[in-house]
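Each structure below appears as structure tokens.
Each of the next two complexes has subunit A plus one other chain: subunit B in the first, subunit C in the second.
Then we have the complex of A and B:
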């Protein structure tokens, strides 16, 4: 089965961790993930600049490793990301910002990618809230 | 055929970016001619009663709400119970929405392929 997974909550929310564990379980059970889409505070999952205490789960790093290892299509909503200071190099140059925090394998794109994923997958699973 | 999408908006207009970001999903989907319905639930019903956005130092949400029909999003619903609990009158809602009781809301969920709640 093809899953589209949408993440609306920040890495410090438990629902963000549940989204990652669900995504891992999807692949472990032999299903596929057609796209991960990060929206609202979920865009912070793509940040390479978040610093997590050593004895805590580093979710941005865990997401990065998961996406890289399985070569997943991981899209971050560009409008939501800009609003929250998560820029890639191209956007940092466009808006004259000193640094950027979103790199490969993450792609910044529009909400059309959420609709496209929801339409083409067998299931859309959303993770938000606490 | 496209899958139908039910968007459920549960947050007050003064709650931050969530109501606007939910509407952005609706407008983006409308631009792709997707069949989209929008349900206002819980404190989301306050979005229909044009709060004083200037006092909140927020961009006016009403313009986005009024734009929905132009983007083909015409199925707008509100939970009757949530209006009643908050002492709000459905006839004063802007834009006009269809008022649904609990059974009709269950049917609305069941009749859509996809649901996104923000």
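Then we have the complex of A and C:
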């Protein structure tokens, strides 16, 4: 079965970790993830600049490894990302910003990608809140 | 199961559980995650409300969150503790999953 998974919460929220654990279980159970979509504060999951305390799970890194290892389609909402300072190189150049924090395998794109994922997948599962 | 409702807010600081129990369908399921498992606190009104739900409503709680709050040994009989593989299976058993974000 095809899953679309949307993450609305920042990495410091437990729901962000639950989303990752759920996504891992989806693949472990033999299903597929057609798209991961990061929205609202969830866009911080794609940041390469976030520093996590040594005794805590580094979720941006864990997401990065998970997406890379399984070659997943991982979309970050561009409007939510820009307003939170999570830019890729192209957006940093477009808006004359000094640095950028979103790199491959993440893709910045529009909310339409969530709609598309919801339509094509068998299930859309959203993770947000605490 | 028609709809699986997914809750993560504590029922002691938030109205989502109350709202959910008002609208939940007779053949829906409810999965408590995160602080939402605190609804199973022995003696609480929230636990009573869950125990009084129609028999067709299936109740689940995420195992790791129960253990984190030491609630795993005092579950009502009708509440099933589930791990992540079972969470995935539940989401497929239901026609759709509604997250109370």
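Definition applied: the second predicted complex is superposed on the first by the 130 of 130 C-alpha atoms of A that agree within 3 Å, B and C clash if a C-alpha of one lies under 4 Å from a C-alpha of the other, contacts with A are read in each partner's own complex, and residues count from 1 in each chain.
Criterion: contacts are C-beta pairs under 8 Å (C-beta built on N, C-alpha and C of every residue); 3 or more make two chains touch, one makes a residue touch a chain.
These numbers come from a predicted model, not from an experiment.
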Legend entry - Which superposed partner A:8 touches (first subunit B, second subunit C, both, neither): both
Inset, instruction - For A:24, decide between first (touching subunit B), second (touching subunit C), both and neither. - result: second
Inset, instruction - Once the structures are superposed on A, label A:126 by its partner contacts, choosing first (subunit B), second (subunit C), both or neither. - result: both
Inset, instruction - Have a look at where A:79 lands relative to subunit B and subunit C in the superposition and call it first, second, both or neither. - result: first
Inset, instruction - Report for A:32: first if it touches subunit B alone, second if subunit C alone, otherwise both or neither. - result: neither
Inset, instruction - Scan A:57 for contacts with subunit B and subunit C and give back first, second, both or neither. - result: neither
Inset, instruction - Would you sort A:90 into first (subunit B), second (subunit C), both or neither based on which partner it touches? - result: neither
Inset, instruction - In the three-chain superposition, say which chain, subunit B or subunit C, touches more residues of subunit A. - result: C
Inset, instruction - Examine A:115 and indicate which partner it touches, taking first as subunit B and second as subunit C; both and neither are also allowed. - result: first
Inset, instruction - For subunit A, give the residues common to its interface with subunit B and its interface with subunit C. - result: 8, 124, 126, 128
Inset, instruction - Mind listing the subunit B positions that touch subunit A in their complex? - result: 2-3, 5, 17-18, 21, 24-25, 28-29, 31-32, 34, 114, 116-118
Legend entry - Interface residues, subunit A side, partner subunit B - complex: 6, 8, 39-40, 79-80, 83, 110-112, 114-115, 118-119, 124, 126, 128
Legend entry - Interface residues, subunit C side, partner subunit A - complex: 6, 8-10, 33-35, 62, 84-85, 87-89, 91-92, 96-97, 99-101
Legend entry - Complex interface listing, subunit A residues touching subunit C: 1, 3, 8, 14-15, 18, 21-22, 24-26, 28-29, 31, 122-130
